[in-house]
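Shared chain: chain A. Partners: chain B in the first complex, chain C in the second.
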Partner chain A sequence: MRITELALGILTAVGGFVDVSELVFMSQAGSRFGYALIWVVVISTIGIMVFGEMSGRVAAIAKQPVFNLMRHRLGLKLGLIVLIASFLANLITCAAEIGGVALVLRLMTGAPYRLMALVATLLFIASVWVLPFKWIERSYGLLGLFMLVFVAALVAIHPPWAALAGGALPHVPAGLSHRDLLAFGYFAVALISAVMFPYETYFYSSGAIEDKWGPKDLGINRLTAIVGFALGSLLAISLLAISAQMFGPAGISPDLVGTPALQAAVPFGTIGLLLALLGMFFAISGAAIETCLANAYSLCQFFGWRWGRHQPPRNAPRFTLTWLAVFAAALVIVLTGVEPIQLAEYAVVASILVLPLTYLPLLLLAGDRHFMQAYANGALAKTLGWGFYALIIVAAVAALPLYLLTSGGAL
Partner chain B sequence: MKPDGRLTLIAQLRDLQIVDAEGMHCGIVDDVALAGKPGGVLRIEALLVGPGGYAKRLPGWCRALVRLVAGNGCVKVPWREVESITSVVKLRHEAAALGLDRGEARARRWLPAIGALK
Partner chain C sequence: MRRAALLCLLLGGCGSAAEQQLAALKSAHSIVAEWAAVARAQADGRVTDTYAREMADDARTQLASARRELADPNDPAARLIDDLGATPDRAHLDVTASALGALEQSRADH
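== the complex of A and B ==
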């Protein structure tokens, strides 16, 4: 039973790893810079493993999710600033995901984009209302495994494996112009943000409490965070690598959410295209639900209200009203006609700005022996945690200037 | 920490999650009401829960915004109702008996009575 739980947890993490921002930025980064940014994905994945494991451990031991702790550790004023900033970042991300799902549905059915956005949102509302937490998490996560077709596609197109592996070593390609160097920096920051989105830790730690984790679940937590995120990252790297081989040499810039689906269509034809679109649909849908719930979790936890989908919607009414309102607000943003790609760009920039404030209280609490006792951060977790925290701060400081200087990587 | 022990820092208590006797979340310690006289013993009289409790801890512009959005309500939970203090403040009675469920009850009125799978 424990092995089944573990396998399901890992598979769910794999299927739920990729969202619309990763689809967009992995494909664009591969097309523009070949394999040169793979090392950024690898480092960011280790970062999300470290913070994901930490947030799950804190939830299991202190029984407190991120936002409860944030207010207690940072105080009301700073906590409120983090709440507002992360709420807006998550809302934009949720809108980007709904827009992404609407585009995939439009590709599959030919129906109008705005109608598909409405249909997708209603489907998400019905899912979250009716299904218990574990079903929501598992169904979208496991069906997102259709995305594995991209890994198969990478193998099928016989990439230059040595060059691909070389991309995992930290380096900046030689001979880049000043303009390309800035764009390289922008894509590096965007990939860090897309892999380490703050909603992931809000959702992960809240989910651990929904699933009633305790000390006995720390093994599952560690394996899910390490193995699940590592395999999910392989999926993301496949998107980047196929794009590097397929789109880059042809001078194609994958500027549409649907373009990555072609990566599976080339080696596998219609079946590949269908599997890719299904995988994208479920993976992005899962991310839309996670970002929406992350906002409801954070607001309710900050004010101490009842929260969670382990209880019927009417038993946690303010939580239910919040996620309904977030879905509605995200839909309104999509219906204004803003391009999902544009929203994804705003989402990664807004999220990286919030990341340092999100992870600081988590780091402080995970190392606090008063709360965590024997399960507090050891030397390795402390070193990795503060090391990645420094990286996040550098990325956060550089994000906005790079976005403006490169016009969102378009230069 | 026990409620009858010495609280050396109000900061240890403020902004902690409150759960009722049934383990339900029912607010945050937004502030505390103190009783006592200069030169005498200072005691915690009650926990303050609600916008009226935390608004005065915010900058002026933000205070006005909070009043506009969330009102100025504040529930006083007598100190004797506190059973224990760990990473949460546990109360001796249910939230409804202490007036801590009004916000949830108001929100519930907006929701349809549609069930969900267990």
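== the complex of A and C ==
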């Protein structure tokens, strides 16, 4: 039973790893810079493993989700600023995901985009209303495994494996112009943000509390965070690597959400295309639900309202109203006609600005022996945690200037 | 990306007009190349007709948006886009993608 739980947890993490921002930025980064940004994905993945494991451990031992910590550690005023900023970042992300799902549905059925956005939102509301927490997470995560067709596609197109592996070593390509250097920096920051989105830790730690994790679950937590995110990252790297080989030489920097699906269609034909579209549909849908619930968790935890999907919707009315309102607001944003790719770009920049304040209270509490006792951060977790925290601060400081100087990577 | 370029200009002109035109040209080149890739895949029977039709619709919309930012009607890139029309064939898409790519390269080098 424990092995089944573990396998399901890992597979869910793999299937749920990729969202619309990763689809867009991995494809664009690969097209523009070949394999040269793979090392950024590898480092960011280690970062999300470190903070994901930490947030699960804190939830299991101190029974504290991220936003409880935030209010206590940052104080009401600064905590409120972080709450508002992360709420907006998550809302934009949720809108980007709903728009992405609507586009994928349109590519499968030919039905109008706005109608598909409405259908997708109603489907998400029904899923959250009806399914128990564990099965919301698992059904979308497991069905997101259709995305593995991209890993198969990478193998099928026979990439230059040595060059691909070389991309995992930290480096900046030689001979880049000033403009390309700035764009390289912008994509590096965007990939860090896309892999380490703050909603992932809000959702992960709140989920751990929903599932009533305790010390006995720490092994599952560690393995899920390490193995699940590592395999998910392989999927993301596949998107980048296929794009480097297939799109870069053709001058394509995917501006359309549906373009990455071509990566599977070229080697495998219509079956590959349909598997890719299904994978994209479930993976992006899972992310839409996670971002929406992350906002409801954050707001309720911050103000001390009753929260959670482990109880019927009427027993946590403010929580229920919040996630319904977030879905509605995200749908309204999509219906205004803003392109999902544009929203994804705003989302990654907004998210990286929020990340330092999200992870600081987590780092402080995970290292606090008063709360965590024997489960407090050891030397390795401390070193990695503060090391990645420094990286996040550098990325957050550089994000907005790089976005503006490169016109969102367009130059 | 195009809205980002506009935002950039509004926030203090961090990119010159020439850079914004280059961004629009890059975007147009990429979109036409994507459209051509989809048309090739459709001709090979590798994608469904629905997918190809909807992707072409998206490409038309995005290309029109990029075209609006190429303000000079005598800009060769603008003329190439105008010549494409609404339903270009595969060969026309390939030729236009190559021509836009060459223009992008020469302007980026300056």
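As a working rule, the second predicted complex is superposed on the first by the 411 of 411 C-alpha atoms of A that agree within 3 Å, B and C clash if a C-alpha of one lies under 4 Å from a C-alpha of the other, contacts with A are read in each partner's own complex, and residues count from 1 in each chain.
What we mean here is this: a contact is a pair of C-beta atoms (placed from the backbone, for glycine too) under 8 Å apart; a residue touches a chain by one contact, two chains touch by 3 or more.
Please read all numbers here as calculations on a predicted model, not as lab measurements.
**Student:** Does the chain A-based superposition show chain B and chain C clashing or fitting?
**Tutor:** fit
**Student:** Classify the contacts of A:F371 with the two partner chains as first (chain B alone), second (chain C alone), both, or neither.
**Tutor:** A:F371 sits against chain B, while chain C stays out of touch.
**Student:** Is A:E345 touching the first partner chain B, the second partner chain C, both, or neither of them?
**Tutor:** second
**Student:** Looking at the overlay, what does A:L273 touch: chain B (first), chain C (second), both, or neither?
**Tutor:** second
**Student:** Contact-wise, after the overlay, does A:S253 reach chain B, chain C, both or neither (first, second, both, neither)?
**Tutor:** Only chain C; A:S253 stays clear of chain B.
**Student:** Report for A:A265: first if it touches chain B alone, second if chain C alone, otherwise both or neither.
**Tutor:** second
**Student:** Would you sort A:L107 into first (chain B), second (chain C), both or neither based on which partner it touches?
**Tutor:** second
**Student:** Given Cα centres, how many degrees, to the nearest 10, is the angle at chain A formed with chain B and chain C?
**Tutor:** An angle of 130 degrees, rounded.
**Student:** Tell me which partner A:A410 touches in the superposition: chain B (first), chain C (second), both or neither.
**Tutor:** second
**Student:** Quick one: classify A:L76 as touching chain B (first), chain C (second), both or neither.
**Tutor:** In the superposed model, A:L76 contacts chain B only, not chain C.
**Student:** After superposing the two complexes, find the smallest distance in angstrom between C-alpha atoms of chain B and C-alpha atoms of chain C.
**Tutor:** Once the two complexes are overlaid, chain B and chain C approach no closer than 27 Å between C-alpha atoms.
**Student:** Which positions of chain A touch chain C when the two form their complex?
**Tutor:** Those in contact with chain C are residues 103, 106-110, 177, 179, 247, 250-256, 258-259, 261-262, 265-266, 269-270, 272-274, 277, 341-342, 345, 403-405, 407-411.
**Student:** Once bound in the complex, which stretches of chain C touch chain A?
**Tutor:** Interface residues on the chain C side: 1-5, 7-8, 11, 14-15, 19-20, 22-23, 26-27, 29-31, 33-34, 36-38, 41, 45-48, 50-51, 53-55, 58-59, 62, 97, 100-101, 104, 108.
**Student:** Which chain A residues qualify as touching chain B in the complex?
**Tutor:** The contact residues of chain A facing chain B are 62-64, 68, 71-72, 75-77, 79-80, 129-132, 135, 300-307, 312-314, 316-318, 320-321, 371.
**Student:** Flag every residue of chain B that touches chain A in the complex, lowest number first.
**Tutor:** Result: residues 14-18, 24-28, 30, 49, 54, 57-59, 62, 87-88, 103-105, 107-108, 110-111, 113-118 of chain B touch chain A.
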